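Please read the structure below before turning to the comments.
Chain nomenclature is as follows: A, B, C and D, assigned in order of appearance, with residue numbering initiated at 1 for each chain independently.
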Amino acid sequence: MLVKMVMELEDVPGQLLKGLEPIARYGGNIKSIMHQRERKTPLGRLPVMLIFEVRDQATLKRILAALKEAGIRVTQLGEREGEILTTVLLVGHIVHTDIRHTIDQLNAIKGVTVSELNLAVGSMGRESSARMTIAANDRELAQLAISRLQTIAEKKGLLLVTSVEAI
Amino acid sequence: MLVKMVMELEDVPGQLLKGLEPIARYGGNIKSIMHQRERKTPLGRLPVMLIFEVRDQATLKRILAALKEAGIRVTQLGEREGEILTTVLLVGHIVHTDIRHTIDQLNAIKGVTVSELNLAVGSMGRESSARMTIAANDRELAQLAISRLQTIAEKKGLLLVTSVEAI
Amino acid sequence: MRIIIIGFGNLGRGICRAFVEKADFLKRAHGLVPRVVAVADEFGAAVDEKGLDLPRLLKIAEGSGTVVGYPGGKRGKLALDLIDEVSADVVFELTPTNIRTGEPGLSHIKRAMQAGKHVITSNKGPLVVAFKELDALAKKQGVEFRYSASVGGAVPVIGLAKKLLSGNEISEIRGVLNGTTNYILTRMSAEGLPQEIIIREAQELGLAEKDPTLDIDGIDTACKVTILANSVLGINAKLSDVKVVGIRRITPEATRLAHEAGQMIKLVGIARRDRLEVGPKLVPQGHPLAVGGTLNAVTFKLDLAGEISITGFGAGPKETSSSLLGDLIDIHRTLGG
Amino acid sequence: MRIIIIGFGNLGRGICRAFVEKADFLKRAHGLVPRVVAVADEFGAAVDEKGLDLPRLLKIAEGSGTVVGYPGGKRGKLALDLIDEVSADVVFELTPTNIRTGEPGLSHIKRAMQAGKHVITSNKGPLVVAFKELDALAKKQGVEFRYSASVGGAVPVIGLAKKLLSGNEISEIRGVLNGTTNYILTRMSAEGLPQEIIIREAQELGLAEKDPTLDIDGIDTACKVTILANSVLGINAKLSDVKVVGIRRITPEATRLAHEAGQMIKLVGIARRDRLEVGPKLVPQGHPLAVGGTLNAVTFKLDLAGEISITGFGAGPKETSSSLLGDLIDIHRTLGG
């Protein structure tokens, strides 16, 4: 699950580490850090925007408690749904084998959406290609969508090309 | 020296190799090959566009002779001048140290032209940065331009950042 | 060191050329004086226990296609007999690969080991068919058995894992292990040409075999995955354990769609303890496996070092002789001979 | 194997943690049972010829900042005396680097060699100051001397060159060899922030030293270039032979201008027989040296293999223990002990 969080830190050394430590301690995987030094708060604090991944809601609660204990003020918190984007290719007689049905099968998984489809129709007699972007709420759901798609592709005689970083 | 050449080959296996061999034999460094299969000549020949680098005019003549001997028809031939493009960065008080003079010094080398300059003026009191693209007729001239620029940069207190692939 | 070379195609000639050109270097840097005492090809053999005149041998072989014309050459002489009869320290087994039977390389290697000779090979066949048997036989006979050139060409994939990353437990090996398919995919993506045309041109340029089936269908990569699984991961894996998909169905449109999304299609071999696989994969630009042309690249996942990747040329007789020579120097060092 | 560890900061603790966590693996895969018989830090030493209880030692050191509190610990005990008095096979020299004098590491290493003990070090100081002397002393005393961790962190740069590419003549080594500056340049380019802010954040994240001068000014990279020149190219080079330019003058605008032209600015170290150099260079995207974050990357130019590149993490106690452990396993193998 991806979390977007803005915390306010005092502008003295060591503060960033103090804010990151609780996230790391509970296995949070930090994706990006953005300091906004030019946008100090009236109290002279620095807003820091973080995006990180955590296992579940319970873990996030533990992190929030630890931050509070450390005296760190969290000013914004948003769970970013549908934020695991996975790109795959399909090669074969995609249209003939009813791409709509393929997409519906994926969209039927709660927390999974086919967010983009680019189709390149092959020249006469040749196979077509499609690039599909799948949005999922977390890594497990993304994986489930891929394995569902693998099953569909095999049934329909399509070649599925997944990311080298996917399991 | 970069050469652009179009040769016509018969559409049977082995022809491409036959056309490339003389270039390789005389140390030509092939940069790109473009078949234009859809544009067959009325005689059913395939035009192939090549860009390659050779040491000098004499070598090119030897290659042309060898191609003729091998029965390969060369239909277009162009020496591409100013085709070795080198990008460098300069950091320092570029404007104050007279960038015009720096450029003139390079342009004074025959076969070398400063073809592009992008200047990012630093904020108050900070050093500026510039990206310069230098076009040279061959590798030796490009190298000469870089070492000339190095001397100028040292004299003017500028930092010169060259390509990792430059000597 | 006295050397027998079995198979005198591109690789056999390549290593001999390296012996000639680098004689001074090998002596100065490693105290190594390679003496080729016998060479066999499919037609017969050339033998000289005092050491063959390699420039002369190369000239004869390039002219006539066989070493038999070398003074005193033995037409019809069998490699197996040569291995038994000629006294030597190391046998280079460099015959063509047969992935079903492993022959004739498999018999050559066994015979050499039985005769107490060390073996260096680039031949995937025997390794795919009988890795465990050969590994055990080498240990039993107390001889060295090296096959760096069988995976990665000039890229020392196996040595890196076994010698330099030895403190790590390796959980996964992923690699672009076939230069031909990588060349094809790179050009398809860059030029939008159909596969057949690029294959034909690759054949004309000597970058693809006359029958490129083993490359295109991923079998060559699967062989390398099998060898890595056995030699690096210590799994007793067979070629049939690898789930293989080739690149035949990849169209120029597919490479374009990938490119538009900042990705490249690469034929990737994956070896893990729970899964052996070969197939086209999307690789993001800037990824260690996003190498172009005929390059090979391999990434190891490691418990201590995290991830280590290595890249270089996967084929070519000169490039491959880097690995063959590395094996020879290593045996020379190990034995102190 | 009986081991003495001199210096018990991040690296000393890191290798001990690896000994604990990987005890089964080391025994099973390599028949290696590391027994740490003495550890010295700046305050004193802990000694047990039967082998220290490492989990206990780590807990004490992490609590009190020194090993002196270990049962029977000797406050004020000098490392030099320890090296002489305690019977051991290998000494790990892991004290902080001093690039001017090489001390205290230099004295530790010499004393260990004189006492007939093998030496493994990550310490650049002694190597930069006295490479030739130490190399000669090791040979004279017949001991092994390994320093894989001194260049590249977890990336086995020296081993790759010396062990796996040994058949090649190496004409050039180029590398991104400093993780801190690479992290700074990567973030400058991605976020357009000024150097000072990123340095401060890197310090807060533990990615930069309190005094990052040696990194920023290219001195750390120059040390690594010096070590590569000596160990791999066989040149008797000194740190002062390296022409060094750091990254201090690189502005966010410069990284942006580079980015717009499809290039990245990297601090690159170059070692050739005719030139030793460190400086910011433009590296095209997709180039083997175009690695981001704290990654290190090295490319070798070779007469046979053409070009081989290797990439991985250049720092971190766990990552570096990959190299330290690799050296230990290699010594264990070499000695067959």
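Note that in this section a residue touches a chain if its C-beta (ideal position, glycine included) is under 8 Å from a C-beta of that chain, and two chains touch if they have at least 3 such contacts.
Chains and their UniProt names: A, B = ACT domain-containing protein; C, D = Homoserine dehydrogenase.
Just so it is clear, the structure is predicted and the values come from calculations on it, not from any experiment.
Under the touch definition stated at the top, subunit B and subunit D share these contacting partners: C. When the interfaces B-C and A-C are ranked by how many C-beta pairs touch across them, A-C comes first. Centre-to-centre separation between subunit B and subunit C, using Cα means, comes to 36 Å.
Our note on geometry: subunit C versus subunit D, Cα centroid distance of 32 Å, whole angstroms.
Look at where the CA atoms of subunit A average out and do the same for subunit B: the two points lie 44 Å apart. Here the spacing of subunit A and subunit C, counted between their Cα centres, is 40 Å.
Multi-chain contact residues of subunit A (touching two or more other chains) are absent. Taken pairwise by the contact criterion, the protein chains fit none of the simple patterns, being neither a path, a ring, a star nor fully connected.
Chain pairs that touch one another are A-C, A-D, B-C, B-D, C-D.
Contact residues on subunit B toward subunit D in their complex (touch as defined above): 87-89, 91-92, 118, 120, 122, 126-131, 133, 159, 161-165.
Subunit A contributes residues 13-17, 20, 33-35, 37 to its touches with subunit D in the complex. On the side of subunit D, the complex with subunit C involves touching residues 18, 22, 25-26, 29-30, 148, 154-156, 159-160, 163-169, 285-286, 288, 290, 292, 302-313, 318-319, 321-326, 328-330.
Residues 174, 245, 249-251, 253-254, 256-258, 260-261, 263, 265-266, 268, 279-284, 287, 289 of subunit C are the ones touching subunit A in the complex. In the complex of the two chains, the subunit C residues touching subunit B come out as 191, 193, 197, 200-201, 203-206.
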